[in-house]
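Both complexes below contain chain A, partnered by chain B and then by chain C.
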Partner chain A sequence: MTAETIIQSLASGLLMGLLYGLIAVGLALIFGLMDVVNFAHGEFLMSAMYATFFLFAFFSLDPLLSAPLVAAALFIFGALVYLFVVRFAVRAKANTGMVQIFSTFGLAIMMRGLAQFFFTPDYRSISHSWLGGKTISVAGIFLPEPQLVGALVAIAAFIGLYFFIHRTDFGRALEATREDAGAVALVGIDKNRVFALGWGLGAGLVGLAGAIMAVFFYIYPDVGASFALIAYVTVALGGFGSVFGAFAGGIIVGLVEATTAMILPPSLKSVGVYAVYLLVVFIRPRGLFGSM
Partner chain B sequence: MDKDFNNRRRRELITAALFAALAAVVPLFVKDVYIQNIMVLTLMYAALSQAWNILSGYCGQISLGHALYFGLGAYTTALLFMKFGVLPWFGMLAGGVISAAIAMALGYPCFRLGGHYFSIATIVIAEIALVLFQNWDWAGAALGIDIPIRHDSWITFQFTRSKLPYFYFALVLACVAWLVTWWLEDSKWGYWWRAVKDNPSAAESLGVDVFNSKMGAAAVSAFLTAIGGSFYAQFVSYIDPESVMGFQFSLLMALPAVLGGIGTLWGPVLGAVILIPLTELTRSYIGGSGRGVDLIVYGLLIVLISLARPQGLVGLFSRPNPKKVVSR
Partner chain C sequence: MKISRRNVLLGATAAAALGPIASRADTPEVAIGVIYPLSGSSAQIGVDAQKAFETAAEIINKDYDFKLPLAKGEGLPELGGAKVKLVFADHQADPQKGRAETERLITQEKVCAVVGTYQSAVAVTVSQTCERYQIPFLSADNSSPSLHRRGLKYYFRASPHDEMFSKAMFDFFDARRKKGQKIETLSLFHEDTIFGTDSANAQTKLANERGYKIVSDIKYRANSPSLTAEVQQLKAADADVLMPSSYTTDAILLVKTMAELGYKPKNIMAQDAGFSEKALYDAVGDKLEGVISRGSFSLDLAEKRPMVGLINQMYKAKSGKDFNDYTSRQFMGLILMAEAINRAKSTDGDKIREAMVATDMPGDVTIMPWKRVKYDEMGQNNDADPVLLQYLSGKFVTIAPEDVAVSEAIWPMPSK
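This part shows the complex of A and B:
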């Protein structure tokens, strides 16, 4: 194994890691806001990928152009999921934790069923997009363009999110609600509105990730499941609820995955990621950037 | 303990015995193999969910990786039989012991984790095991194991002509899981577990051994789950990593207890009796098209029940108890 191949795979691991971060950040945002793990997060991603696919198939809209549309659609969808499902789940008087897990898990099963019903279990892919299949050479390292653009979008999204949370009224309301939802209600902020917008934002971010993923990944009803697990690990690795943690967690997951793939057979590449998660939480039980 | 409490516990035992006796005669009248198959699965899920409920419901350590113990039970039995000719009964016992030991070994680092960190660790550990089994050629890798059929008998625990022996074994398993839970509910462990679930720091300060309570719950829970896995391997005579160790299966195992009533004696039974026939029937009547309608119905049902009855369906059947004897 030459130094070049190592740099090559670390570079693609880094790009993929930034995308993992983008997939996971919505989960972290929602968790930080209201302590809810969305078990349908992978299915949100799947919906975004299908939306991108059909915009391409019917209107020949390139994924790069449809990404904002898909993100907006997912924003609305996320807010609706909060209003119609999660709002009731957090209100449950008994077993709140389990109700949250299983109401979103039920939603996930349902969404998978709907995708099978309307789109069949067939694998689909976007055949000729602007970026698909192209690579760019930077200092002798070949980077696949879809992943490169995905990584740039992820970085831009994180910067945008940072300013959004710290510089806008809504962002501040979001932070305040996450600190103390009761006190926020006293100063006249509608908790439900903030939560709904938080869910919208979280879903919108995973929508953005899904639109880019659709360029280079097969699209099928169960596609969300494997990414969802990586997203949970990413979020937990960073420390639940920490938006910055999700970003860092994503990069670590991407790099670990690439490193594992170099050492072990490719079919074992996820083992490295899982092992690193266990190692981190055994040493720091609240993840890397979680508050103690 | 006061009289009311003892009476209630005796009543529960008698009710369970009546239900078990009733269940035992059903297959004498219902000869349809398809229905019998559903009944076997219902009993199996009742047992599995009861086992899951011990660790997650009573002790409050929400495991989303119990498929690991189910898979270990299934694989231990199948591999011992296939490779070394060890009878499934010994394989079953071995699977149970191995699973309990592994549960405790994993519990040692994992029980320090709180809440979601613990649950995600259980998912991740089960997933590592899944990937390892998928790549373990000696154990059949991703294709799994076709358990060789020797002959129909209780000695080999293989029955190709009739489902009835499986039915009775599953019934016994469900009863044992119920009885163990019934017995533990009113034991030192049962009280410790509920204390650990409600408030670990308060429990600790009152002299409850929190760590060992969790370890005990994990061992019992894993042992029973593995027995279920061994049984499943014999019942379907074909196992592969995804179907016995997948994440999906971990959730399916927990579902009856959650919908029936988590941390309750009857919740897992009730949940399984309602959920499993419903799943199987929707699958065969509307899911046969392979178009996912069964998933839509099933998913919707989970959402609706968990939102409408957060405390589980079991509350619908219990009479209001004016004198609350046991703190839950």
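This part shows the complex of A and C:
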């Protein structure tokens, strides 16, 4: 194995890892806010990819331009999901945990079914875009532009999110609601509004990831499943509810996956990721940056 | 008699139970189970398959003037014109779901035969279940050679398997070598279920026998979110021929990732699957000029056998797509099964099996380039010749074997 292969593997792993982080952060945000795991997270990603695809197919809008639109659309969608589904699920008097799980799980199955019904199960992809298929080569190391831009967007999104949470009133309300939803009601913060905002934000971020991924990945109704699984591992690894944890968790997953593939046969490359995950669960059950 | 609530209920239940029997007597129907992935990661295959089977059922049930068994006249003549009724089941590419759904098809839907399944891994469990209930199973489009070698009595396959397909590939390599072209090294790239593993085993064996060196043998997890590491290894090996055995999703990602990592294989010789799907060429066709895939069907045949073109039009009207290697075999699968049921003059599993065993159909009454259909003692038809197809300027042309080839192969693959 040459140094070149190792650097290439690590670089690819890092780029993929940042994207994994961006996909996972919405999940972490929602969980941190209200202790609800969104099992339809992968389907949010799928919807964003389809939205990007259709904007491209009907309006020839490049994914780079449509990314903010898709993120905004997903923001609204996420808020609506809270207002019309999750809000009722968390009100359940008995078996609250189960009701929450099944409400988002059911939503996931419904979204997949609707996508298959309306969009057909055909595999779609965006045939040409500004970034698609382009690659930057530095001293024999290839950095595909879509993933590179995806990684930069992910970093920018994390910085933006950091400032939003720590520097704005709404962000502080978000943090406060997360600390104690009962107490914030006493000071006149509308809990539902904050939760809806949280869901919107979480969905918007995965929307951003979906728009970028549509450039280099195929799109079909089940596409969310494999990424959602990685997102759950990422969040559990980084620490449930920790936004920074999702960022770090994503990078770790990406790098571990790339390293494992260098040592073990590629069909076993996810073994490394799950081994690290198990290790973290044994040693530090709340995740690396979890604060429960 | 006093009519109690219980009696009403009993009566209603009895009526409900008798209902299907009564209606069955009016319009005789023969139920055939068709099991495909209708949802999940390969739903596209199942949905296309559904259209292919519906086309075949339409040709059987209505009167068409094709030189194809059961096309003329309506229904199955030996069963009093009984109509073929398709009962679809969804296995979601999961062998365990395949087992459960087959069980349901046989015990509840009362099908007399089963056709399936696309994924060879699912065919394993589906055919075992059929064996247990003594119901014939026809592999319309599974290609793993180990499927017919398990001593099953109710298993049949009319199309070639991956050893026959791989042999065609190596015959092609040998012919190139004789012409003085250099083919020394091969890279195998295959998914990790029975389809990919069997295919790679067959290819490894042939490579060793005929003196080709396998410089990289990559087994990967199907539906991976990323194939970067895999492609790097292929790139480092840079073999004379890359031989992928991949389903559609992975094939798309493979081609995209190769482009992103600046790897242009010298030649690609694909084991069908993803490489005969329109979706792949829609997505990355520009990067696949000159790719060769094995197959068992080609639309070229329409020039010699006009009904191929006409039936393709019927299928296209339903699905919006041309027949490909899979949908053509699925179509034939139902025709073959229905033809045997008709000859059996019965819907009894054993009688249909006997009729299947006795099948001897000349190739020119099918839509495939087969010599004939005659199953050996393991249920495999050995008179089906595989073809090699090359993707050139947006369509597939037959390049081998020589007697059916319509043009000369472009080798090596054009490099753009």
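The criterion applied here is as follows: the second predicted complex is superposed on the first by the 288 of 292 C-alpha atoms of A that agree within 3 Å, B and C clash if a C-alpha of one lies under 4 Å from a C-alpha of the other, contacts with A are read in each partner's own complex, and residues count from 1 in each chain.
Going forward, a residue touches a chain if its C-beta (ideal position, glycine included) is under 8 Å from a C-beta of that chain, and two chains touch if they have at least 3 such contacts.
This one's a predicted model, so the numbers in the text were calculated from it and none came from an experiment.
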Fit or clash between chain C and chain B when superposed on chain A: clash
Which superposed partner A:165 touches (first chain B, second chain C, both, neither): neither
Touching partner for A:265 - first (chain B), second (chain C), both, neither: both
Which of chain B and chain C A:83 touches, first, second, both or neither: neither
First (chain B), second (chain C), both or neither touched by A:94: first
Contacts of A:12 with chain B and chain C, given as first, second, both or neither: second
Which of chain B and chain C A:227 touches, first, second, both or neither: second
Partner chain(s) touched by A:287 [first = chain B, second = chain C, both, neither]: first
Contacts of A:106 with chain B and chain C, given as first, second, both or neither: first
Partner chain(s) touched by A:142 [first = chain B, second = chain C, both, neither]: second
Intersection of the chain A residues that touch chain B with those that touch chain C: 112-113, 116, 120-121, 221, 225, 265, 267-268, 270
For the chain A and chain B complex, residues of the former touching the latter: 31, 37, 85, 88-89, 92-99, 101-103, 105-117, 120-121, 221, 225, 229, 232-233, 236, 240, 265, 267-268, 270-271, 274-275, 277-278, 281-282, 285-287
Chain B to chain A touching residues, read off their complex: 62, 64, 109, 112-117, 120-121, 123-125, 127-128, 131-132, 134-135, 247-248, 251, 255, 258-259, 262, 290-304, 306-307, 310-312
Parts of chain A lying in touch with chain C, wherever the complex brings them together: 2, 5, 8-9, 12-13, 16, 112-113, 116, 120-125, 127, 133, 135, 137, 142, 144, 146-147, 216-218, 220-222, 225-227, 230, 257-258, 261-262, 265-270
Contacting residues of chain C [partner chain A, same complex]: 39-41, 43-44, 46-47, 192, 218-221, 223-226, 228-230, 232-233, 236, 248-249, 252-253, 256, 259-262, 277, 279-280, 282-284, 287
